[in-house]
C-alpha cells in the first residue's frame, strides 16, 4: 500500500554547510494493507524523519514514496493524500493549539475536507467516533487541552483520524510521553484500528512496545535499516549484532541483565562501512557496502555474517 | 567560527553597498526630483551661484546615462571625493567631516564604554537586591525613555544656567585656538562634560535594565541550580551568572549603536558641539545635500567598523560561537 | 544511612498548597540502592530534589531527615551547604546542561572546589581516576561543555557529584533521556559507584520499574505524593500487594508479550489533583477494591519482613 | 483568560504605566478643546512670560502659548506613535512570519535585508529619506518612520515563529490540509497576540522618540507643531540661556513620561503573560 524506495534525507553541517549529514540514508520498505509495522530506533536513527517524510511535512533529498500507485514525493496538492494518510505525534500537549478548545481539531477537519457537512451532523459523527474509542464525549469536548490528560488527548487524535477516510496512520512515539498506567490502552486501540482495516506505522524506541503490537519490524540505526522482517522472527531469531545488543540492553521486569558488555554510543563509522561498525564486536574491514540480505522467509538483515 | 564571521562580513559588505546605492538613489528618484529643484535654485543667479550651478550639473552627471552615473558615484567615492559643501563653500565635504569626526568620537566612545560598564554593574547589583531593584528599575525605565536631547537641555539648564558651573555651547571657548596646553585641555573638558553626561546617563538606563534581566534569567538556569546542589559560595554563582549575562550585552553594544547615534546627533545640536551631528544639522538647515550624504556615509562606515569590532570581541569571549550549525539541504 | 520521617514538601501557589510530597517515611541503609518509582507527578522528583535543594516555590511543611544519624537542616538553605557535595549530592535530571557553558570543564571543577574551600590539587588524582571510571578521556578537562555529547556531559556530572565521596547519592531520572543501549551502561555505572564504595547509599529515581529491577536492592513505589509500597526488589517484582503496584505491573509490556497472546490493560482514570487532594487513600478513585474504609487514611501494613504497603485492603502475612 | 485579567489588574507596573499614558492621551485628545487658544502658532500675548493664570505654561519668545503648543504636540506625538508604530509592527509581522514559516531562500533573502537594515542606524536612514522630501507632514513622517523601524520586530517575530513552527499543532494543521496562509493567521498569530501587543507598545514609543529626534534636527513637519519642533525652537531661540524653563523643559518631560510609561507597561505585560516572571 505504501512503499518507500531509496529514501534519503540529508542536512548540511560543518563550516559553510559543506558536509552532509544523512538523517535517513537510502531506506527501502513496504507496508501492506491491514498491517502494523514498527519502526524501531534510538535517538538519531532517523525514525521521526521517516514519519515526517511520509506525512510530507518535509521533502526527501532523494528517493520516492508511493502510496497506492500515487507518487507523493513531490506532490503539490496534498489534500486528497491527507484524506487517507494521517499522523499522530509524540507530544499530546503540543499537538493542540493551547489557546483553543480541543474541539477545534475536529472542526478543522470538517472545514478543510468536508465543508458541505452540516455542523450538527458533523457533531454527531464526532461524538460517535469519540465513543468508539472509549471516551465519554461529554467529558472531553468543550475542554481546553491543559484540562485533559495526555492519554485523553492522544485518543482524541486517533478519533480525528477516524473521521476521515484514513487508510494509513503514522503514529510517532505516541505513547512515550504518557504514564505507564495509561499507555497500554492506547496500544490496544491501535490494534483495533488494524481490525477496522487501517495500516499503522508505529514509530518507537521501545522494543517491548513494538513486539507487543506489530506484525513487522524495522530496526533502524543512524538512518539505515539494520534488520527488517516479521516481528516474531526479528525478536526470536535476530541476525544483526545491533538488534542483539538492543535486546540485551532492554530492562525487563522479570529477568536480570545478562553480563554482556554494555556499550555507550560511539562515534560515526567511516564512509561506506556499516553504520554500526565502530560499536560492533564483530566489526572488521569486511563490513563495507553491506546490503540487506535474506535470513529466512520474510526476514532480512544487513550484516556480513548473514 | 569561520562561518559566523563569514556571514557577518558578507552582511557588512552588502550593507555598505546598499547604503551607498541608497545614497545615490534617493536624491535622484525622490518624488519631485530634489536634484532638479536644487539645480534650479542656482540657475539665473549671480556669479558665485552660477559656478555652483555648473558644478552641480557636472557633479550629478545629469547628462549621462544612469548606469554610468552610478559607476562614477562609486569611483568618486573611492577617490574620497564626496563633493563640495554648499554651506561651507568651497570646502570639500571630506575635509569638513574630517574636522568634525574627532569631536564626535571623543564624546561617543567614552560615553558608550563607561555607560556600558557602569550600567551593567548597576544592573547586576539590582538583580540581587530586591529593595534596590524596586526603586531603581522604574527610574531606569524613565531614563531610557528620555530623549537624549531633552536630558541635555535639562543638564544645560540646571548645570549651565541656574548654577552656571559648565559652559553650554561649543567644544572650547571662542577666545582659544586648539593647541596642546593645560589651559586648552581644561577648557575643552569643561565644554565636553555636559554633552558627555547626557549621553552617558541615558545609556546607563538601557544597560542596567538589560543586565538586570539577563542576570535574573541566568540565575534561573540549570547550571546555577546544579552549583547550588554542590553548596558553593554565592560569590561563585554570581560570578558565573555575571560573566554569562554580559555576553548578550556585548552583542547589545552593536544593536544599541543606532539609538546612540541618534542621541549623539541631537545632543551635539543642543550643545552646538562641532561633531558630525552638528554638521549634519547645519547641512539639513542649509539644504547642503552633499554634506548630508557625506555624513550618512561616514555614519555607516563608523557603524560597520563598530559592529565588526563587537563581533571580534564576542567571538573571543563566547566558546559556543565556535560551533556552527547546519541547515536542510 | 538515610532516615526520612513524615516529610512534607508542598508547593505554594496562589490557589493553595500543592502537596507534592505528603507525609513520606522511608530509609536507605548503608551499601543499599533504593529505587524510587512512580508516574509523573507522584512526587518522586520533588522528594529527591527537596532532600538536597529545598527552595521556593517548594516549601518544607514538616518531617525529619537524618543522614548518618545527623539531622539535616533541609529547610535552612545556608546551613545545608555544609552537607551538600560532601555528604550528599545529586545527579540531576538536567545533567546535560548542568555545567557552566562558558567555562572549560577543568577550570570549572577547580573553581567549584576552591569555593568549597578544598585544594583542587589534593583531589587531582582522584579526579583522573574517576574520569577513567566513567569512561571519559582526560582531555575533557580542557574542553568546553559544548564540545561534549549529551551522554559525556552527564557522565562528567556523575564524576563531579561523587568527587567528594558523599554518603548519599541521588540519581534523578538519569536514564529517561538516554537510549536503550546507553541506559544499561549508565545504570551499571551508577550502581558501580555504590559497589566500589565511592558512595554509601543511593536513591535511584525513575519512572521505569524494570530498570529498578535490574539494579535496586529495594524499591519504593509512590503515588500522588505518598508512599504506596516499599519492599525488597524481589518482593515487589514477584509479590506486589498494593492494588496500584499490581495494576501498574500488569500494564507494562515486555518483550515476550504480544497483543495476540493476551491483552494487557491500563489503569482507568487519572491521579487526583494534589491541590487540595481528597481525604483518605488517594488511589481509591481508580481502585477496583475500593471500600468504605478507604475514605480514611490507609494504615501501614507489614506484609512480610521488609515489605510494607499503605492500604486498607492488604492483609498481614504471618 | 480571566486569570490573565486578574494578573493584569494586580500588576502595579502595568497599572501605573497605563494611568500615565491614558492621562496624556486624554490631554492630547481634549487638551486642544480646553485650551483658550485655537492656533498653537498664533501670537496671543506678550513674549517671555513665565507660567501664569493666563498662560498656564507661559509664552514663547514670540508670545505663543506654550500649553496650547504642548497639547497639540502631544496629539501629534500620539498620532505618530499610532501610525508609525502600527506600520512598523505590521511590516515586522509580515516579514517575520514569511521568513520564519516559509524558510528556505525566502528566509535567507528577507533576513539578509533585515540584517542590513539593522546595521544602518534608523536615524541615518530617516535623515537621508526625509531630507529629500519636498513636503513633510506628520502623516508622511509617520509612514517613513514605520518603514524604517520594522527590522528588529521582523527578527524577533521570525524567531518566535520558528519555535512555534516546530510545535506539533502546526504539523497537525498541515496534515489537516490547511494552507500556509491559514496556518500563519489561525495557528501561529493567535499564539503570539500577547507578544505582538508588546512589540506594538515598544514600536509606539520608538516612533514617538524618532519623530522628536527628526523634528529637532529640522526634518519635522513643514507646517504645524510638534514636541520636537517646540524643542527645536526652544534651542534655536536660546530658551535655556534665557532661563525660559517653561518652554525648554515641559515638552521633553512629557515625552519622557509617556515613553517611560510605555516601557513600564511593557514590563508589566511581560509579567502578566509569562507566569514565570510573576512575583509570588
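Note that the chains are named A, B, C and D in the order they appear, and that numbering of residues resets to 1 at the start of each chain.
Quick note on the criterion: contacts are C-beta pairs under 8 Å (C-beta built on N, C-alpha and C of every residue); 3 or more make two chains touch, one makes a residue touch a chain.
Please read these numbers as outputs of a predicted model, since none were measured by experiment.
Visitor: Two chains share more C-beta contact pairs than any other pair here; which two are they?
Guide: Chains joined by the most C-beta contact pairs: B-D.
Visitor: Report the chain closest to the protein's overall CA mean, measuring from each chain's own CA mean.
Guide: It is chain D that sits nearest the middle.
Visitor: When the C-alpha atoms of subunit A and subunit D are each averaged to a single point, how far apart are the two points in Å?
Guide: 50
Visitor: Between subunit A and subunit C, what is the gap in Å from one C-alpha centre to the other?
Guide: Their C-alpha centroids are separated by 31 Å.
Visitor: How many angstrom lie between the centres of subunit C and subunit D, each centre taken as the mean Cα position?
Guide: Computed from C-alpha means, the inter-chain centre distance equals 52 Å.
Visitor: In whole angstrom, what separates the CA-based centres of subunit A and subunit B?
Guide: Each chain reduced to its C-alpha mean, subunit A and subunit B end up 55 Å apart.
Visitor: Among the residues of subunit B, which are close enough to touch at least two other chains?
Guide: Within subunit B, residues 328 contact more than one other chain.
Visitor: For a test of understanding, state which residues of subunit B touch subunit C in their complex under the given definition.
Guide: 221-223, 225-233, 235-236, 240, 243-244, 247, 317-320, 323
Visitor: Contact residues on subunit A for subunit C in the complex?
Guide: Touching subunit C from subunit A are residues 42-43, 149, 151, 179-185, 187-188, 191, 205-209, 211-213, 235, 245-254, 256-257, 262-265.
Visitor: Considering only the defined contacts, which subunit C positions touch subunit B in the complex?
Guide: Contact set of subunit C toward subunit B: 52-53, 55, 80-86, 89-90, 92, 94, 97-103, 111-112, 115-116, 144, 146-147, 157, 160-161.
Visitor: Considering the complex alone, what residue numbers of subunit B touch subunit D?
Guide: Against subunit D, the touching part of subunit B is residues 11-12, 14-15, 18-19, 22-23, 26-27, 30-32, 34, 37, 137-138, 141-147, 149-151, 153-154, 156-157, 160-162, 168, 220, 255, 257-259, 261-262, 265-266, 269-270, 277, 280-281, 284-285, 289, 292-293, 295-296, 299-300, 303-304, 307, 328.
Visitor: Flag every residue of subunit D that touches subunit B in the complex, lowest number first.
Guide: That would be residues 13, 16, 103, 112, 115-116, 118-125, 127-129, 131-135, 152, 205, 209-210, 212-213, 216-219, 231, 234-235, 240-241, 243, 245, 248-249, 251-253, 255-264, 267, 276 of subunit D.
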